[in-house]
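Below is one structure. I have some questions about it.
Letters A, B and C mark the chains as written, and numbering starts fresh at 1 in each.
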C-alpha cells in the first residue's frame, strides 16, 4: 500500500516529467500536467490509509501525510489554473512556445522534489528535495525574459543558493552531532533516529547546527531579514508560480525548520529554539505589515502578505505547546489555500487589465463583477475576517499567546491589525471607483479559485472533527 | 596518525589560502586560474580524506571536483568570456586590502564559533571544520564584494568547495549526500549559465549594478 | 662577518648572469660586481653643495647597519661568536635604521627624485614592516625564542613537519624580501625611469665611494634576506659551533649551494614576472600582511600546527 502510494506520488510524475520535456504542444503538455498532478494527489490520499512507519529513507507520520496531501491538492488546482492562464499568455505573446517547453517538466520536477522533501526520513534527501524545488522555481520565475524577470530570478537564485548552502552546512553539523552518538553512516542522518536520541547529543554543537539550519531554511521561508528575494520572485514570475511559491514552497521550508525544532525540543541544554523562531516571526510580521502600505504592484502586495503570515505561523510554532501548534497547523493550511486562491484571482485580474500596477486596476466592481467578488472574498479571508478559516487560526494564536505572554500578544494583534488596515485600503482602491485602464477578455478557469475559497469558508464555519483530531495528534508530536 | 592529521590540516589550509587568493584577483582570467587551483587543492584534500578514512567512494568526489571544477568549469567560463567579449577587469566594491582584512576577520570569527563547540574525537577535527566554515564565509564575502555576475558565480562555487570540504571531512557521511552535492553543482552551473546568457542578452553587460532597478523595496 | 661581505657581490653577479642567460644574452661575468665596487671606491665622490653632513654620513651608516645585521644571521653554523645578540627583532631594527637613513639622505638634497623615492619607499615599508613583524612573531612563537641561532637549531632538529602557519610565513617572507630588496615585481633594481624607480631614486645622487658603500649594502641586504629564509625555513645541514671543522666547512658549502639555488630562482622569477603598477604594490604587500596575520592566528589557535 505504502509503496504503491509512493510510486504514484514520486515515480509516475518522474516518468511524466521526462515525457513532458519532449512534448512541444502546449495543450497536450498542460493536460498531461494536470493528470500527473491528479495522480500525485490520489497517491497522497492513499497515504492516509497507510500505516505510520519510519524506514531508513521514507517516513510516514501524521505530520507529513497531511502536508503531502495539502501540497498535492494545491498543486493539482494550480495546474488546472495554470493550463488556461498560460494559454492566454501564449496568445498574448508574452511567452513563446519554446520557452514553455520545459515549463511543465519543471513544474512536475518541483512537485516531486517537494513531496520527496516532505516524505523522506533522511536529512540529506530533504535538503536535496528543497534544493531541486528551489532551482526549478528559479528557472520558472525567469521565464518571461524581461529585464525585471531576469533580475528577480537572479536575486532569488543568489539568495536562495546562499540559504541552501548554509542549510547544508547545518545539515553537516547535525550529522556530526548525531555521529558521535549513533555512529557513522545513514543511521546518523535519519530523522527518526535523531529524534529518539536527541537528549544524548552535545547541546553546543546541536545549537550551532540549529542556527545554521534556521538561517538557511529560514531564507526559503521568507522570514525577515532574509526575505529580500520573495517580493521580486512573486511579482515577476508567472502567476501560477507565485501561487505555488506562496502556497507550497514556503510551507515545505517551514516543515524542515520544524523537524529540526523537534530534535531541539528533545534536548534540554540547547539554546531556546522556540525563542529564536518567535523573534523572527514577530519581526517578519511587523515588518511586512508596515510594508504593505506603500505597495504599488498587486503581486508584490500579496507577496508581503505571505511574509506576514509565515511570520505568524513561525511565531505560533515557536511558542510551542499543543494549542499554539494546533493554531500554527491550521494557519498553515488556511494560508496555503487562501493565498493560492488569491493569486488565482490576481492572475485573472492581471490578464483582464493588462497590468500589474494597482494604479491601472480600479473599479473592478463595475467592470468585472465576478472577479471583484473573488478578489474581495480572498482579501477579506486573508485579512482575517470571520467566518473564514484564517480568522479562526489567527484568533487561536492570539488567545494562546495572551494566556502565556500578554505583551507579545499585543504586538501580534497590532501587527495583524496593521496588515488588516493596509489590505482593506488597497482593496477599496481596487474594487471601487471608476473603472480605469484597459480591459481584456479573460479566459482562465475560475474553478480552482472558488474551490479554495469555499474550502476556507467551510473550515471557518465547521472544522471537520477528523481534521481536528488529526491536528491535535500532530500538535502533540511537535512538542 | 599525527602526520595524517597534519596533512589534512595542511591541505584544508591550502584551500583556504587559495580562497584568499581568489579574493585578491582583479582580472577575470586570473580569477578562473585561481579558482581552478582552489578546486585542485580541494580535490587533493578530498583524496587524502578518502585515503585516510578508507572511504573509497570519496575518490569519486575528488575526481569530480578535479574534473568539473578544476578543468571544465574554468574552461567553460573562459570560453564564455571570450565569446561574449565581456570586460575582463573586475573592480571590487571595496578595496582589495580591506576585503582581505575582512576575510581575516571572518576566519577569526569562524574559529571562535567552531572551537568552543566542536570538542569531538573522530568525526572531524575541529580545525578542519573551522577551515571549512572560513572558506564558506569567504565565498559569501566574495559574492558580496563583486559587482560582476561572473565574480558572484565564482564566489558561490568557492562557497560550495567549502561545503564539500566539510562534508567529506565528516566521517561516514553517506554517499547519497555526496552524489547530490555533485549533482547540485551541475544544476547550479547549468542555471548560472542560462542566466549569464540571458543577462547579457538584455543588458549588454553582466555588471550586476545594472540589475539595480528593483533594489530595495521601492515597489 | 667577512664572509658575508665577500660573498654578497658574488651573489648579485650570479643573479645578473643567470638573468642574462635566460634572455639569451652573454651577460657580464660573475665577478663584475667586485670590479664595479673597486672602480667606484677609487673614483671621486661628487656631492651637491647644498648637501648636509647627513648626506655624507648616510652611506656609512647604511652600510654598517646592514653589514652587522647580515653578520648576525647564522649562515653555516649556529652558536657563533655574537649569537647572543642575534635576535630577529634586532635585525629588523637594524634594517629599519638603514632604511631611515637612506630616506633622509634622499630628501636631504631636495631634488624631486629624492622625495619621490623616499615617499614610495615609505609606502612600501609601512606595509612590509608589519608583515615582517608578523612573520617574526609566528616563528618566535613556534620556537619559543627570538634568538636566530636557537630558531635555526629548533627548525633543524625538531620534526616540524608540514605546518600551515610556517607555509604561510614562508610565502609572506618571500614577498617581504622581494619588496625590501627592491626586486621585480615591486621595484626594478636596474631602472632609472621616473615612473618605476623606488630604491634607485633614493640613491640617485650618490657617486664614488658613497655609491660603492650603498651598492655593497644592497648586495649584503640581498644576501641577508636569502640567508634569513634559508636559516629560518630550510636549515638542513647547518652545523653547530661545537662541531669539528670538517662539518663546519660542509655546512658552509651547503649554505653556498643554497644561496646559488636561491639566486637562480630569483633570476628566473624576475624574468618571468613583470613589474607591478605602484598601486598594486600596496595590494601585494597587503596580501603579505594578511598571510602573516593568518600564520600567526593559526599558530596561536591551533597549538599543534
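Just so it is clear, a contact is a pair of C-beta atoms (placed from the backbone, for glycine too) under 8 Å apart; a residue touches a chain by one contact, two chains touch by 3 or more.
These figures come from a predicted structure and were not determined experimentally.
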Which two chains have the most C-beta pairs in contact?
-> A-B
Centre-to-centre on C-alpha atoms, which chain is most distant from subunit B?
-> C
Note: subunit C sits from subunit A at a C-alpha centroid distance in Å of 65
Whole-Å gap between the CA centroids of subunit B and subunit C = 36
Using CA atom averages as chain centres, what separation in Å is found between subunit A and subunit B?
-> 30
Of all residues in subunit C, which touch subunit B in the complex?
-> 161-164, 167-168, 282-283, 286-287, 290-291, 293-294, 297-298, 301-302, 305
Of all residues in subunit A, those that touch subunit B in their complex | 122, 124-125, 127-128, 131-132, 135, 138-139, 142, 145-148, 150-155, 157-158, 161-162, 165-166, 168-169, 171-172, 175-176, 179-180, 183-186, 188-189, 202, 204-205, 207-208, 231-232, 235, 291, 295-297, 300
Residues of subunit B touching subunit C in the complex = 2-3, 6-7, 9-10, 13-14, 17, 20, 24, 95-97, 100-101, 103-104, 107-108, 111, 115, 127
Residues of subunit B that touch subunit A when the two form their complex = 113-114, 116-120, 122-124, 129, 132-133, 136, 140, 143, 149, 152, 156, 159-160, 163, 166-167, 170-174, 176-177, 180-181, 183-184, 187-188, 191-192, 194-195, 198-199, 201-203, 208, 211, 213-214, 217, 219
